[in-house]
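To start, the structure itself, in structure tokens.
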């Protein structure tokens, strides 16, 4: 049974609209980033110029290069640390029966619901106390508040679904809990680790509020704050070309990651949210 | 000295008691099968011996030494799991050597043991493969091989055949029986819900029901002298006929039990007159289902072919020497009635 | 029972390693979440300022509400609960949450239904749909700020080209449209997330149900209303709750797209302004605390209402 023609046309129009709205803003940002000078102030729908001046300006003048490295450093360390802390915790939460396990999971989950602003003043004090203000470690440290509950939650769900008998076989083989994690579970958990690591990376890469608050000098900032703070001498001299070039630079790797790991990310997101 | 001894062993989860005062003594080299319906506690009992479950009460001894508080790997046991539980990311060799490595054996010693086990099970050419590249039967062998390398005093099997298809199940059953003979000093404990596996493999069978041991005995003891109506019904296929009413009361019992193979069928004369309702022909046997007046449905097993069909009038004669009588609690009534 | 349940060495050692394995995570969470939260709440009852945190003195509920008498029986209420700007930001937050989540759910549902169909190039479409989600919030805000530019923006150009407006609109600057602009960007950016969650729910609906409905000749619209919708409702509900909690703490988009305007200031923005821009640290902490209370209340209600299965007992 073939659907009537108008239905097919309607369906593909809808698909077209969905794709267009999703892709157009980023396309337009790329377009703008390749324009310079006066061309910027004419509305174009199709690429007219291919001028890399904006990119050159962003990458050679000022500290944007350093800021990208800051972001890479923070996001990478956050991913490694939270995975390390989460794997052992997830093993305990998913595989070992002990009193208070349910309550503990609930607590971890509720931390992920915390509004960042609610801990901001307290965290500010802690960071100053440890002398981490304006240090990248302040971000590594504070980002744990959202990456850790999430990774623990997803890895716990994943581990819970690994067969119990494999672990029991390892117990019979005389493996300690730590050996079980390292030699038996870790090799089986790569898919989940890649997914959660990727999501934690994206989250840390994009974070704004803490980065805005805990870092005070330009050379220490991460890219979201850097982009937000790019300004001209007056409201009428905002360097939109530079902003768009910077935006494209920080977004392209993410878009690439998301497209490559599409399936993994989707499964991670849904594991984190749907399995309530 | 008994190899495995259970003294008043019990198990409960919270307030739910799943095993009550189990007393068992297994000899070294014996092949013992725990059998019972699902939920009877047989797997829990095995896992308690393995050390994977806490023992709530009582004592477990292996070779005379108390084991309640000994780590599983130090009990001198090995276990073959229902799902094989092979480590999916390790090769067959690594699967078999992992436990030895944990026991800190020297590399040549590990190598020698793995090779010996592989040779015994004829899986030498599989040592480099990963479990996903193996067939079900091969996985099963690797799981057994992994257990053998540990050179255990006690070998535990948790329903190892239930994931295999019917044909392979028979082959593997034979192999496990052969393994039992090849390791004469190793005590084997085997859990299954399938009474055929129990009957064919066991030196002794432990029948469990609702957390209690119903009976312990050799397969033939269980078959011919069941200690309860439950055992009588559980052991033997097709199931024993249980009849109540006048025929039981006549013998001073509540239930009158007779196995289908202990009833003679004739078209002219016999003790009971009935009508055939259904016949099942297996070639080697024929199962005749008959409705006997005043008694009820009775199943008869005839060797070879039987020339009866549904609707036909038949006469049935139970073999008086093979009748089992039970009271209201399912306990055997003493004194076999003589005809 | 006569015997006391004695734990074996194995279970004791496992319980011990459980706590050992949990300790690093628990300590970390205590230091980054529990302790700071407690301090924030404490600050909200003090006169702490940015530079004099350690000298903070207890002042009771003054930051929340205080009646200052001027004499002659006259006086005035001060504090957060008497601050019109605070209530405006509460209203903005609620408006933002309700409108954005509603539209995201609606659009997310449409996109999920489309992606749930079999058609050529579905993988590409799904990848394209994910792009807005992958773009950092700040970048989206900047991209849209440029597209919504009053003089050079492409949106005004499009709308004028289509004859929908005659004058360019100052989307982000005008108080009338600022909230619309914020909502537009957020809906654009977050709809993919919603669509993915709903799609996951859709894909759990067994295919044979649809086939049965087809054999029974049930029309498509009724199939959707009577079969699909009830079956994906739990997934949608969870997604809505998650998104609502997220929307209530919105900060980045508002802060970057429409800075400093009463028309869009949300609770988070209000709190941060007081904390770090106006040197009203204690007052800002009080705002943070109230926002936390609101979100905690919703979370607890949700967990109670759905009796969330945390032990994974559900098969």
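Per-chain residue numbering starts at 1, and chain names A, B and C are given in the order in which the chains are listed.
Throughout what follows, a contact is a pair of C-beta atoms (placed from the backbone, for glycine too) under 8 Å apart; a residue touches a chain by one contact, two chains touch by 3 or more.
Keep in mind the model is a prediction, meaning the values are calculated, not measured.
Chemist: With chain centres set to the mean of the C-alpha atoms, which chain is at the far end from chain C?
Modeler: B
Chemist: Pick out whichever of the two, A-C or A-B, is joined by more C-beta pairs in contact.
Modeler: A-C
Chemist: Between chain A and chain B, what is the separation of their C-alpha centroids in Å?
Modeler: Using C-alpha averages as centres, the distance is 55 Å.
Chemist: Taking each chain's centre as the mean position of its Cα atoms, how many Å separate chain A from chain C?
Modeler: Chain A and chain C have C-alpha centres separated by 16 Å.
Chemist: Where in chain B do residues touch two or more of the other chains?
Modeler: Within chain B, the residues that touch at least two other chains are 51-52, 71-72.
Chemist: Would you please write down the residue numbers of chain A that are in contact with two or more other chains?
Modeler: Within chain A, residues 171 contact more than one other chain.
Chemist: Which chain C residues touch at least two other chains?
Modeler: 10-11, 13
Chemist: Given the complex with chain B, which residues does chain A contribute to the contact?
Modeler: By the definition above, chain A touches chain B via 163, 165-166, 168-175, 179, 183-184, 187-188.
Chemist: For the complex, which residues does chain B have touching chain C?
Modeler: 10, 12, 17, 51-52, 54-58, 68-72
Chemist: Mind listing the chain B positions that touch chain A in their complex?
Modeler: Interface residues on the chain B side: 50-52, 71-74, 77-79, 81-83, 85-89, 98-99, 102-103, 146, 150.
Chemist: Applying the document's contact rule, which stretches of chain A touch chain C when the two form their complex?
Modeler: Residue positions touching the partner: 11-12, 14-15, 18-19, 21-23, 25-26, 28-29, 32, 40-43, 45, 85-86, 88-89, 91-94, 96-98, 101-102, 104-111, 113-126, 128, 141-142, 144-145, 148-149, 152, 157, 160, 171, 176-178, 181, 202, 205-206, 208-209, 212-213, 223-225, 227-228, 240, 243-244, 247, 250-251, 254-255, 257-259, 262, 265-266, 269-270, 273-274, 276.
Chemist: Considering the complex alone, what residue numbers of chain C touch chain B?
Modeler: Going through chain C, the ones touching chain B are 1-3, 5-11, 13.
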